[in-house]
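Heads up, there are several structures right after this.
Shared between the two complexes below is chain A, which pairs with chain B and chain C, respectively.
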Partner chain A sequence: MSTLMHDVVVIGGGISGLMASIYLAGKGYKTALISRGDPVCCLSTGCIDVLSTALNPLDGFGDLSEMHPYHLVGKKGVEQACKLFKEIMSKSPIPYVGSIRKNREILTPIGTFKTTCLVPQTMAASLGCRDEYVHVISFTGIKDFYPSYITSRLSNTGFSLYDAGVSSTLAIAARFEEKGFAADFATWITGLELPPGKVALPAVLGVNNPVAIMEEISSRINREVFEIPTLPPSIPGLRLFRALKAAFQDLGGDVFWGMPISSVERHGHIIEAVTLATSARATRVQGKAFILATGSFVSGGLFATRDSVYETVFGIPVHVPGARKDWFWNDFFTAGHPIEEAGIEVDSSFRPKQTTLENLFVCGSILARSEVMKNHCGHGLALATGLKAAKVCERKLT
Partner chain B sequence: MTFEHCVRCTICVENCPVYKVEPRFPGPKQSGPDAQRFRLDGEKSVDQWVKYCSQCRRCQIACPYGVDVAEIILKAQLKYGTEHISPFTAHLFANAYHLNALGSTFAPLANKAASFKAAKAVLNLLGISREPDLPEFRFFNMERGRRRKGKGRKVAFFYGCHLNFNRPDIGWKIRDMLVAMGCRVVMPRQTCCGLPALGNGDLDMAKKYAQKNASVLTSFINKGFDVLYACTSCGLTLIQDYPGILEAPGGKKIAENTYNVNEFLHSLLQDDKENRPLGRLEKRIAYHIPCHLRALGIGYPAAKIFEQIEGLECFVLDDNCCGLAGTYGFKKRNQDIAHKLGEIASIPIRALNADAVVADCGACRMQLGHYTGLSAMDPAEIIAEAMANSINNKKKSGHGIKRLFQKTPY
Partner chain C sequence: MSIKTDVIIIGGGATGCGIARDLALRGVHHYLIEKGDFASGATGACHGLLHSGGRYVVNDPEAAHECITENTILRKIAQKCVETTGGLFVRLPGDSKRYRDRFLKGCDEVGIETSVLSPSKALDLVPNLNPAMEEAVMVPDCSIDPFRLCMLNAYTSRHRGGNILTHHEVIEIIKEKGVCVGVKARERLTAQIKEIRARIIINATGAWGDKLARLGGSEVPMTLSKGSLIISNHRLTNMVINRLRVPSDGDIIVPNEAVCLAGTTSITVQDPDNLEIDPAEVDLVSTQAEQMIPSFGTTRLIRAYTGVRPLLKASGTDGRSISRGFKIIDHENGMFSILGGKLTTYRLMAEKMVDVIMEKFALRTTCRTAELPLEGQDELSGYPLSKRLSNMDDIVCECELVPRRIVEQAINTMGTHYVGDIQHRTRLGMGPCQGGFCTYRALGIMQELGKVSPDLSLKILSEFLQRRFKGIRPALWGDQLREEQLVEYIYLGILNMENA
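The block that comes next holds the complex of A and B.
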């Protein structure tokens, strides 16, 4: 067995785990990030929802349940996390815009509007296009993006189809990264002689350098351009993940990708090491502190059997709302589904309650009572609790 | 996990290099778990497009649910291969070892011949791409070199075909570094790891190769040797496929006792920290992570060594596949795919303004050296250079080790 020594071992490579890792690696701690696979943020719109129930997300805190993890972070903590996030992203090819004190709306592929807080710069122009003319451009053969949903919902719109020679979002994105493709595309738009207004297109403006591509098109056609997030595979989600991962790696962080944790070594109240289930010889990752950011059910941090819900890495007790029959609602997507409350309960220093573990901190959507779908607070919660857990972990290390 | 565990989230699709440049390939989700529902024993395969998969295994690493996407596709490729007549290139590349051995034996002649336009045209007619540079053969290959050196910790070095026939200089550098760090290095008699045969749809031949290597390697392991590999694809085959699909006798034992050279060096360097074995090296490098290093799940050990080298600026790039994927990119059929992926992988490397591109895999080096125009180096070359710069090492003597610490060894 090979042993690798670290100061902190972060388990879970989603937004929350990455945020914690970036903070700690930036402070000079030897940090390892272990992830079973790519995080579900790759499937998201890439937008940071902080809390979509109020115009100012921070004002909405009062309406949250008393036990909501946001209260453990506090308004200031959430602001700090968003500020740090924007700072990290400003050094990446995809800066984020928006204010933590004001929610905004972006256009969705079905012509409705989604309330969110911070958005990638490629969606910055998506605000306030209810009255002005928006021309939607789609691509021949593209699946799951139908401009007629938008044109039928919004009155002042039109649409055109561009033949990129390929039809999947990822393939079109690769074409936009070819030399000269964006220029040809812009020339074609100019030829359409559109009425004044903005141009919208599905989020396909390349994976690596979308802002540069958007600006090139925008300057050539002399009008504002913005992206509309698509169904998965979601390129804005992929960009967000890759930018955060790169930021962590640039700080000298270690990543262990695609490997589940097969066993945990505990000594009294201390977790000493975890073992990665590689195909043969196990890799043992040792740390002074551990951060658990494995996410909820979809990400595999929680798993439900017929009669219980358990946490998949350490087997920490999970808070479950009532008996199993109470978890069932006819409509899973109805706001406030009880199962959304399931998760790990933590104390004010983000250590799991009902355990005596001293060097384990929990963050992200695995936290109990976060009710991400009801409150629309997914990425915001991940950032805020990730940073906070990293900070308390830092205190433990010094 | 089997195909039934797939929740169709498309994270694998986001990570597939081929899918974004080849519209005829429906992506890992559809050619893996989705199509698997319709594949029946005793029914002839019709999914010709499975052959577009380059087996980079990025999908499998990315899958959050642990579905063995690449393995499902590999099995479908093998099924297709046995049910249909394989093209000439598949037979040719499945035998890559013998092809290399022939090239190495007639090295000056073979290299000269391959440089002629006419020869490229003939190869093209046979189904070989014109695009990538063909690797140059070396007559004095590792098989012809010294097979034992040094004293101390016992290691058996599985150097693989690329170092053996094309870049023995790197192989010897690795050997001498290990010797300098106190190892007794033995080069066991070895043949191809079997991956080219597996990738070209010939399971039987791959098994034969695996059996040959397995019997040699297990005998070394029984004598207390650790097995080291330098090529990450050979390593992945030894560790994942020998105990897995190739069912090599003693496969599990091999997998448990096989280490990446840099992983091993890192631990040796860690133990020898007081002696400061690594000197200063002023360089800016782009470290391209080969897909199969990612798939090994050992992290990026060479990057950990680079961190300890003063003056070295290393940028880790692990989001792109170079596109060559072993013998895959040498086929005319995959020419465009390999070309486009090579271009895509080169963009971030060029943007770094690096002095060199570094990769553990010989195929990645060939491809990225070709597309970026930078010198493509193995991590071992960087580490050897840093070791040569260490004052403490210069005092070390010993037969042949001195050569490692000369400015221009080999």
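The block that comes next holds the complex of A and C.
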């Protein structure tokens, strides 16, 4: 078995783990990022929901439960994390727009508006589309996008269907990256002779260079274009993940992808190493500090049995909101079922409360009482707690 | 303007559909009115077990005898609905040996063929069985598809002059001079009302029997017994598994397509509507199932469901000890109620009911439902896996491999605007995600085909999600909980549906 030495080992390749890894690698620490597979953010809209319960997300802090992890980060910490995130993304092919002090609305595939905070530039023009003509374009055979939902809800809309020759969102995105495809598409739109207004389409404008593709189409048809996020698998979520992963690798970080952890070495109050199950020889990754960013149930950081919940890597005690019969409300549409409270309770240094472990820090949606659906704070919480956990970990290393 | 017919059947479960078929074969004009889709009451909410009769043989030999007779008939006439799995009654350590002796004697007396198997022989047949069992008894239990059974019975009716109205709720029984002469039925979605008049009205509404009888000014005494079941994500047995003991909670497991159904509980309720499943019922059934098939405890559960057994009223006894026999009540006002019974004996119940109708009409045509195979079996032969696997283009439901073409075909041939109708007929949404992904798509396709407006389809989608959650909620842990949180994210996080 080969051993690899690192300053910090981050477990979990989602937004919080990536944010923590990028910060630490940027500070010169030798950082390893371990992930069992592509993260759940690939299924997301790609938008950064910070807190959707108030017009200014920071004003929503007062409505959060007393023990919400945001309080451990503070408003300033959330602002810093978003600022750093925008800086990172500004160097990527998909810069983000928006202000941490003002939420915005984006159009959804069923014609409702979703409140969010920071959005990829390809969704910037979604703002204010209630007030002007929007022409929705869909693609032949696409499974999860039915423009009539939108055209029936918004008064001033039209729609057309374009045949890209393929029908999955990923395949259409690949078509947009072929030379000349965007130009042909733009020529077709021009031929539609639309009334003045914007053009909206499902988020398929390529995976690698969406802003450039959008700008090319926009300048050819001389009107604003924007993307509407789609159901999973979501291309804006995939782009976000890839951009952050690339940023980490550019800083010299080591990634271990598709490798579940098979064992943990613990010595007293210290975690010394984890072993990765690979198809070849097992790899042992040793670190001075560890950051747990494995997410909640969907990403597999937590797992529920018939009557309990456990944490899947270290077996740290989990805060569970009562018995199973109390985990969910009867009504599907009451966002924030009690089970959302499940997670790891941490102290102000983001160390798990119910253990004596000294070199383990926890961040992201695995934190107890984060209530991501109730507050619509998923990616915002990941960024803020990811950065904060990295900073307290940094203090431990120096 | 009112429609005229001879007989109105209310209720589209196995009994109602069976009566419609029988009437059609005897040349009597009729209307069947069902407030939901076929099999939406107890018929669709049971195990889908075609009893050999073994379960009743000790306590109710008469019911057992009916079961084995009907079991033999249905295996012959309804081949496309019945999977002749065979069944095992498994005796576990601690289960009474005396009961086993009475069981074997009873089977012998009513004519249920048995063979006693050693644990190793039984394990050979069903490797997932609890190896600690004492022995197993093989009986001719089968798995039956109740929905398909109703469809095929209705098929004969439709093709022989009968009329079937699903999604129509009877809101009034028209009475003239104290006699029931017709009904008013309201279409569920459009609220359009039809008036239908007939010489005889049959109340075959199962658990809703008393509610319906009261519309006509009568009452029918019934005990409503709620039974909840769970569905595992795997077919853990190819045979029906029963516990060899006095019938009790959670002692039957039935294989069905790619899954297994386990149940049930027995809890007396007052109202057949708005049933809730308590997570404790799920725990009870899965712990019992686990005793017969240990891997049931670690297998992902897709959901739970519940139905109400409409049992004949008997005072002072609990649901399990009440006879599973049936009864025809003449309200002597033009209306009859047919009550009790069970899926296995639906044909016999229909025969007896129609005999009474024929007598009233002074007609002599005899019943042929036991001899003639169900019509339409070739057309409604389903969509077997072999076909699904060879047709992977444009899949709408990834769990059950249903392509868009099949969905469109179902929408067009039925002209339906009920998404449940499509799900029942194509298996769309029956897999692990329980329609979390594909229902949105099916409704999109219905919009494109001009069957529903976008506003209406959002309403249907939100009702569907509520209904779906009701079944999933009591069995949420493990991977099913993971999947559910993703589905919640889609509708509340991406689509912002709570504000639609």
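Here, the second predicted complex is superposed on the first by the 393 of 398 C-alpha atoms of A that agree within 3 Å, B and C clash if a C-alpha of one lies under 4 Å from a C-alpha of the other, contacts with A are read in each partner's own complex, and residues count from 1 in each chain.
We adopt the following convention: a residue touches a chain if its C-beta (ideal position, glycine included) is under 8 Å from a C-beta of that chain, and two chains touch if they have at least 3 such contacts.
Keep in mind the model is a prediction, meaning the values are calculated, not measured.
After superposition on chain A, the partners chain B and chain C are seen to fit next to each other with no clash. By the document's definition of touching, both partners, chain B and chain C, reach A:300. By the touch criterion defined above, A:229 reaches chain C but does not reach chain B. Applying the stated contact rule after C-alpha superposition, one finds that A:170 touches chain B and leaves chain C untouched.
Using the contact criterion defined above for the overlaid structures, shared-chain residue A:43 touches chain B and also reaches chain C.
Once chain A of one complex is fitted onto chain A of the other, the partner contacts of A:395 are absent, as it touches neither chain B nor chain C. Within the superposed three-chain model, A:267 lies out of touch with both chain B and chain C [touch as defined at top]. Here the vertex is the CA centre of chain A, and the angle it makes with the centres of chain B and chain C is 90 degrees, a multiple of 10. Touch criterion not met for A:76: it reaches neither chain B nor chain C. Contact with chain C, but none with chain B, is seen for A:152 once the two complexes are overlaid on the shared chain.
Of the two partner chains placed by the overlay, only chain B lies in contact with A:257; chain C stays clear of it. In the composite built from the two structures, the nearest CA pair linking chain B and chain C is 5 Å apart.
Of the residues of chain A, those at positions 43, 167, 232, 234, 300 touch chain B in one of the two structures and chain C in the other.
Chain contact summary for the complex, chain A toward chain C: residues 43-45, 49, 108-115, 141, 143-144, 146, 148-149, 151-153, 167, 229, 231-232, 234, 296-298, 300, 303-307, 324-325, 327-328, 330-333, 335, 337, 339, 373, 376, 378.
Chain contact summary for the complex, chain A toward chain B: residues 2, 4, 32, 36-40, 42-43, 166-168, 170-171, 173-174, 177-178, 208, 232-235, 238, 242, 249-250, 252, 254-260, 276, 278-281, 283, 299-300. Within the complex formed with chain A, the chain B residues making contact are 9-11, 13-16, 19-21, 23, 27, 60-66, 239-240, 243-244, 252, 255-259, 263, 267, 294-300, 304, 307, 315-316, 318-319, 340, 343-344, 347-348. Note for the complex: chain C touches chain A at residues 276, 278-280, 283, 286, 394, 396, 437, 440-441, 443-444, 447-448, 453-455, 457-458, 462, 465-466, 468-470, 473-474, 476-478, 481-482, 485-486, 488-500.
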